[in-house]
Amino acid sequence: MSTRRSLWEYANPRKFMGLSGAILPWVAVSGGVLLVIGLIWGFFFTPADYRQGATVKIIYLHVPSALMAINAWFMMLVASLIWLIRRHHVSALAAKAAAPVGVAMTIIALVTGAIWGQPMWGTWWVWDPRLTSFLILFLFYLGYIALWSAIENDDTAADLASILCIVGSVFAMLSRYAVNFWNQGLHQGASLSLDKEENVADIFYHPLLVSMVAFGLIFLALVLLRTRTEIRARQLRAYLARERMQ
Amino acid sequence: MIALLVRDMRLAVRAGGGFGLGLAFFLIVCILVPFSVGPQSQLLASIAPGVLWLGALLACLLSLDRVFALDFEDGSLDLLASAPLPMEGVVSMKALTHWLTTGLPLVVAAPALGILLSLPTQGFMWLFLSLLLGTPALSVIGTFGAALTVGLKRGGLLLSILVLPLYVPTLIFGAELARRGAAGMDTQTPLLMLAGITFATIALLPIASSAVIRINLR
Amino acid sequence: MAMHVENLAVSRGGILILEGIDFQLSAGQALVLRGPNGSGKTTLLRTLAGLQPIADGKITYDIDSVAYAAHSDGLKQMLTVRENLEFWSSVFGTGNIDEAVEAFFLGPLLTRMAGALSAGQKRRLGLARLLVTGRPIWVLDEPTVSLDVEAVARFGETIKTHLQSGGSALIATHIDLGIPADILDVTPFKAKRPSLPQLDGAFQ
């Protein structure tokens, strides 16, 4: 037995099941608690914006979900690369598991954005670059999920979906650039960045940070849970295949 | 590889090859547009570049499921995979055949349809140029989608769902180039971007397509 | 040595079908694969043709020396017999179809559309492709389907000629081709059930 421990050990399905089973409740509970704290703090203990009024408070849902919508795709990209290079089954299944969560995050971001935009811009939807990019991201998620569900053989589906994810990432970046060029847009600048002067004030920033961490933890919990389900489903199929052999 | 191109072109133009169907579809879509939005030439002129681009894109999409399906069904694809041809070359030739049989006729026919849609005079050259530059990218990207769905029984709808998001950048820059040209605006950025996308996809995407075909054959 | 197979395992759809296959195929030798339907002959042949990844073990050979012929011949209905053959001859860079036309008596059919041929004639055209490739190792999956007795005998002769000129053949077939061939029954190589702990770790 090797004494040098490596992160790749957790790519072994059995090790992954053990570790994820142990941390899942903690991640889920702390994510839930932080979300409640962040939202209550943001909704009831911050002042209304002098221009945007109470509408601004939807930021505590909008920004974290938008962030996770993009991070979910990024996680899928990394997991796809790991699958293609190192052939760890857990990695492919984690990418598969993250996609529907990413879709949910994208829908939350789009819907909260529309609700925010209606009083601010006087319309539910404008073809603004940011909004459009999220709509396109949504389409990429749909294609990825559709491909996974269309192919019966697990390894073939994992290979094809991974390649689609990589190619799709390049085209998603291109689309982002293209829509920026295509329409300059109404959307306000990024709410958070490290080097800009017009960041949101600290008083909004702290509860926002809490709810962003909460969304991150909830995302992690959902992905872990779904990956565990995928692993069990796959093991079940392997057992059934074994039963069919004499 | 030239032999493959010659064979596929021959098959396309012989009976049952489906040559010209995409063109007919393009024609019908463009004729239907005035029926749906009204006959005012002002309105038609302003939407003409976009309509022509969208029509060309859909016509390309419709013929994609044939790119590999026939060769897959009759076993040719297996035999090509064990032949001394690089798979990247095979998929590139397939994309080229698709462009020659679907994209190129659209490019040639588009200016004629521009007349029907009251396209301003200075727009014809830009429309032609944008389609000439953009349709090869549509064929190459479409071939990648066709490769992904090659083994599937009812892959047609899935193929559209996979390929359409990938078409977004090409459509934006292509239609923007035609629109700006027609409006007499600066065309440099969309022209360079469209050319960049087309050449980059031609150079790189066949690698992904051939990997996908090999996965689907095993 | 044309082909050397050691401890080969093949899988289909992620499930192990055959394992522990060992055999050698030398120049001038024919090897006939036997086994009931579904025993994995096709999967084995596809693996040897390089169309499927090797699940385990080793095959020592030049992959570019294999010509593969399967159930479907890859014929284009709307091309003539000549065009079909010439396409494959230029793909394989041999450029000569006369020998193949003669061996399979396709001369009178050259200008006919492949779609207008009978099943047996199509099969002959599909097999003629093998000669056009100019490759020494033939990997054949049920080559005699829909051939009549006379055509089978003639095909046997073609294989004999191929063997005498230093080629070799690996054939999955149920009928006697009338050629001197060794027989490899794949039934004993049927994959065993994986043990449960093994299943737990990976998924295979």
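Some notes on this structure:
Note that the chains are named A, B and C in the order they appear, and that numbering of residues resets to 1 at the start of each chain.
Note that in this section a residue touches a chain if its C-beta (ideal position, glycine included) is under 8 Å from a C-beta of that chain, and two chains touch if they have at least 3 such contacts.
What you see is a predicted model, and the numbers here were worked out from it, not measured in a lab.
Relative to the centroid of all protein Cα atoms, the closest per-chain Cα centroid is that of B. Interface comparison, A-B against A-C: more C-beta pairs in contact at A-B. Put simply, the C-alpha centre of chain B and that of chain C have 37 angstrom between them.
With each centre defined as the average position of its C-alpha atoms, the distance from chain A to chain B rounds to 32 Å.
Taking each chain's centre as the mean of its C-alpha atoms, chain A lies 48 Å from chain C. Residues of chain B in contact with at least two other chains: 218. Within the complex, the chain A residues that touch chain C are 12-14, 89, 152-155, 234-235, 238-239, 241-242, 245-246.
Residues 136, 139-140, 142-143, 146-147, 150-151, 156, 159-160, 163-164, 166-168, 171-172, 174-175, 177-179, 181-182 of chain A touch chain B in their complex.
Chain C meets chain A in the complex at residues 13-15, 191-194, 199-204.
Those residues of chain B that touch chain C in the shared complex are 2-4, 6-7, 10-11, 14-17, 71, 73-85, 217-218.
Interface residues of chain B facing chain A in the complex, by the touch rule stated above, are 144, 148-149, 152, 155, 158, 161-162, 164-166, 168-169, 172-173, 176, 189-190, 193, 197, 205, 208, 211-212, 215-216, 218.
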